[in-house]
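Two complexes are shown next, each including subunit A; its partner changes from subunit B in the first to subunit C in the second.
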Partner chain A sequence: MLSVDRRWLYLILFVNIVIFLLAPLRMPASISPPVQKFYDEIEKLQPGDLVMISSNWSASTLAENQPQLEAVITHLMRKQARFTIISIEAQSRDISYRLAERITKEKGYQYGEQWAHFGFVPNLAVAIKGMVTDLPNTIKQDVRGIEVTKLPVVQGVKSLSDYKMIIDVTPSGTVPVWISYSPKNVKILYCPTSVMAAEAYTYLDSGQIKGMITGAKGAQEYEQLLGIKGLGAPFANTISFSHLLIIFFILLGNFAMLMNRLQARREA
Partner chain B sequence: MDWLQAFLPLNLERLSVWIGVLCTLAIYSLLYRENPIYRFFEHMYIGLAAGYSLGPLGVDILYRYWIEPIWIQGYWAWAFVVPYGMYLYFIFSERYGWISRIVIGTLIGASAGLFFQEFSSRYLPQLNSTLQKPLWVSDANPDLTYGMIINNILFVIILLSVLTYFTFSYEQRGPVKRVAIWGRWFLMIGLGAIFGNTVMARMALLIGRIYYLLNDWLMIRVGGG
Partner chain C sequence: MGMITNLMAQQTIWRLPEESRALFATLIVAGAFVLILGLIPVLQTLPPRGRRAIIVTVTFLAGLFFAAEFFLPVDWTAIFPKDDPKRNFLTPAIQPAQNVLQIIGALALGLGTFGLVRLHLRNAVQKRPQWGYSIVLLVSFVVMATLSILNTLAEKEIVERGPVLERAFSILFDYTLVQLDAAMFSLIAFYIFSAAYRAFRIRSVEASILMFTAMLVMIGVVPLGAQISPALPTIANWVLAQLNAPAQRAIEFGVGIGGLAMAIRLWLSLERGVT
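And then the complex of A and B:
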């Protein structure tokens, strides 16, 4: 058994993922406290409140960040909140813009009136400090080339302090930068990939971030809270069953190694 | 027949999806064995990612923040900014390398200034939160449950033992060494949790790519939806 070609294991894992992605299976998830806090914070928003979404993910972390961003935008639209998106990742500028455009069009949310995309900024710390001092002069134009001062969604907005909330959807370590330089009256919510989540619990514990959606699993919980059918549930279910398969492989490998040793000892 | 027509790369949008699929399969061909197709696509991907970033940098940054203010708004002083930044490249010259140090000095000064704010905003609230953790019920915190008290006590024990582990100023002996060993165990548990999350994240990457093959290429709805 120990001489099994590892490529067979890859093939089995691939088939396993395809099966569980296609299966109409939506297992219920227990809601974790960070996700519940995230939901409660957005529930507190009033119609017209302004939210900044920092979207910094690209195609590589689509399975985790896309369901998060979809769920968050859906919730913001449900609360009739205004939102703007900004990216410090060049690829994310286009990906988040296309995604937001698709979701907002489905719900009749107007670009420029209720939401806008500020495009790409290369240095987050400098951009945040600029936005705190003078937002229109820092951003200048949106992704469509319209001057920020002419966008009704941010009419009268002078600084990042005029926002109610910042939501960071990211696979990178950007949330410490938001925590460090954004105004203290603006709440920060966090949507990291699973690999980044463990480090963020210190910020959650100290109240520097008010809620967190961890990877596809967190998105599944959030979709359940919202009562929508998104990608979080099929992705999280597939991850769970892939983990089970990997655990089975590990046990099988250890069992085979143990049997080999026992046999060798008997022969000796 | 309609499905086949929508599936084939007959328009630009579908062609881009087919190219994406070709790239995905070429990269994953490494799992079968090392091959020149994988190498070619790996290099192409790195070049594409770098080239793609140049587009937004040119349009969103250089044009918006440098060219436009100079040519349209007349802020001519900005014309010196980019050449000043480019002095950094004198680092490759033995004779004029000292010029690059001026730019490096500016960058270090700016970073140090930013770090003052970062430290106070990022770490002081954590210290404050740690010191404020109640370890017993009193009039000041009547809503405290036993679960929260146990959690807070555990937090303080773990914090102190991990800090002890990272104390290198003197030789750790006796009870201090035992506390440090506990600190190491707590660290291992923490790192194990991080590694578990890493496995989950890596699995999600694979799922993301397979989702692309199913949803975007084969046009099969995921999750039975």
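And then the complex of A and C:
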């Protein structure tokens, strides 16, 4: 049993993913405290409040970060908050811009008036320090080539401290950088991939992060809180059964090892 | 000294006058260009010790600037009464420093691109083993770069976004690059599955505790856990917040101290391979 061809294992996982991705089975999630805190913080926003979204994900973590970003933008639009997006990942500049453009168009949110995309900025720490000192001179232009000073959405904004909130949607360890250099009056919310979430619990505990949406399953919880149907639910259901399958095979592997040992003892 | 103090007090030392900014900028760029062109042959004639001295000095000064800006007291008004209490005298220079770093970053990107293209062009021209892949890379590079540049120009309304450009960019970016990238990363799931089956073994008490906890969290954090028992998500969250967080904090302290030591070594050019 231990020497099974790994291609069989791949096939089993593949079939499992396809079945549960396509099956109309939808299980409700229990809302975890970090997601509830995230939701409550955005609920506190007033119409017109300004939020910075740091979108640093590329296609490789699309399955986790896209449902997060979609849910967050939907909630911000529902609260009539203004938001700007910035990317320190070159591919994310296009992905997040196209995604935000699609969602905002559906809801009639005006580019330039209610939201804007600042494009790709290399070197996060330096960019944050620059934005804290002088945001318009650091960013200079948005993705459409419009000078930041001429964008109504950030009219009168001089620095990052004029924002109410920063939301970091990322598969990388960027949140400590935001915590280190951001103004203390700006709240930080975090949307990591599942694998990065464990590290962030220290910041949640200390209050440096006000809330967290963990991967696709966090996105599912958020969609549930918002009452919308998004990508998070099917992805989280698929992950559920994949986890179950992995646990089953870990137990099976250990059982096989135990049987081998028993057999070896008997033969000895 | 008095003039410098005055300039610092007025926060103008790092800022050019508005009316002559374009002229100054042109002169600085032209001067830097001439200086670099002149410096390269001079630097190449230097012995290794001389090169090392230059690298060490530049690294130290650059590090000193950022450290000093961060650590110097913010309220500088006791020394310079006209100064802004929200920043010290180095703070206004952060913006130009950021521009310099961005330019260096862009240069590094250009250098990397140049190296990649040169290597694969050589592979293709000399028909080295697997030169066909180099052709694929070069064609993909040129096509994707061209369409991306056109798309960016269209976003800035410098060129018109026609249906051909829209469709071609969408096919290459949304339906090819994004999908390939996502597919590549998804392969990890299959390796994890295979590795978990083959390698996750109960060989000791510690391994048993680890496996039991991992299973509890794996099933507790997903929707299926809540369906099995409402207690499972609570237990999983407790493990993450009460057991995982202190352990992570301890690790981060260690990493932080290590990072600080490494940063000081780099700053003082004590690391190997500086030259």
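Here is the rule we use: the second predicted complex is superposed on the first by the 266 of 268 C-alpha atoms of A that agree within 3 Å, B and C clash if a C-alpha of one lies under 4 Å from a C-alpha of the other, contacts with A are read in each partner's own complex, and residues count from 1 in each chain.
Criterion: contacts are C-beta pairs under 8 Å (C-beta built on N, C-alpha and C of every residue); 3 or more make two chains touch, one makes a residue touch a chain.
On a predicted model such as this, the values are computed, not experimentally measured, just so you know.
Student: Subunit B versus subunit C on the shared subunit A, clash or fit?
Tutor: Verdict on subunit A: clash between subunit B and subunit C.
Student: Look at A:Gly207 in the shared chain and tell me whether it touches subunit B only, subunit C only, both, or neither; answer first, second, both or neither.
Tutor: It touches subunit B, and subunit C stays clear.
Student: Once the shared chain is lined up, is A:Lys217 touching subunit B (first), subunit C (second), both, or neither of them?
Tutor: both
Student: Taking the superposition on A as described, I'd like to know which of subunit B and subunit C A:Val153 touches: first, second, both or neither.
Tutor: neither
Student: Does subunit B (first) or subunit C (second) touch A:Glu64, or do both, or does neither?
Tutor: It touches subunit B, and subunit C stays clear.
Student: With the two structures laid over each other on chain A, which partner does A:Tyr10 touch: subunit B (first), subunit C (second), both, or neither?
Tutor: After superposing on A, A:Tyr10 lies in contact with both subunit B and subunit C.
Student: In the superposed arrangement, which partner chain does A:Ile179 touch: subunit B (first), subunit C (second), both, or neither?
Tutor: Only subunit B; A:Ile179 stays clear of subunit C.
Student: After superposition on the shared chain, which partner residues are touched by A:Phe120: those of subunit B (first), subunit C (second), both, or neither?
Tutor: A:Phe120 sits against subunit B, while subunit C stays out of touch.
Student: Considering only touches as defined above, state whether A:Val18 meets subunit B (first), subunit C (second), both or neither.
Tutor: Touch status of A:Val18: first partner only.
Student: Touch test for A:Leu231: subunit B only (first), subunit C only (second), both, or neither?
Tutor: In the superposition, A:Leu231 contacts subunit B only.
Student: With chain A superposed, which of the segments 25-33, 151-159 or 223-231 in subunit C collides sterically with subunit B?
Tutor: Here subunit C runs into subunit B along 25-33, and the other listed stretches stay clear.
Student: Would you please give the residues of subunit A that touch subunit B in one complex and also touch subunit C in the other complex?
Tutor: Touching subunit B and subunit C on subunit A: residues 10, 13-14, 17, 59-63, 91, 121-122, 129, 194, 197-199, 202, 205, 214, 217, 239, 242-243, 246.
Student: Tell me, which parts of subunit B touch subunit A in their complex?
Tutor: The touching residues are 31-32, 49, 52-53, 55-57, 60-61, 64-65, 68, 114, 117-118, 121-122, 125-126, 128-130, 155, 190, 193-194, 197-208, 210-212, 214, 220, 222-225.
Student: Would you tell me which residues of subunit A are touching subunit C in their complex?
Tutor: Residue list for subunit A touching subunit C: 2, 6, 9-10, 13-14, 17, 27-30, 32-33, 58-63, 91, 94-95, 98, 121-123, 126-127, 129-130, 133-134, 137-138, 143-145, 194, 197-199, 201-202, 204-205, 214, 217, 220, 236-237, 239-247, 249-250, 252-254, 257.
Student: Can you list the subunit A residues touching subunit B in their complex?
Tutor: By the definition above, subunit A touches subunit B via 7, 10, 13-14, 17-18, 21-26, 59-64, 90-91, 93, 119-122, 125, 129, 140-141, 176-177, 179-181, 193-195, 197-199, 202-203, 205-208, 214-217, 229, 231, 233-235, 238-239, 242-243, 246.
Student: Of all residues in subunit C, which touch subunit A in the complex?
Tutor: 87, 91-92, 94-95, 97-98, 101-102, 105-106, 148, 151-152, 155-158, 173-174, 177-182, 184-186, 189-190, 192-194, 196-198, 200-202, 211, 215, 218-219, 221-227, 230, 233, 237, 240-241, 244-245, 248-249, 252
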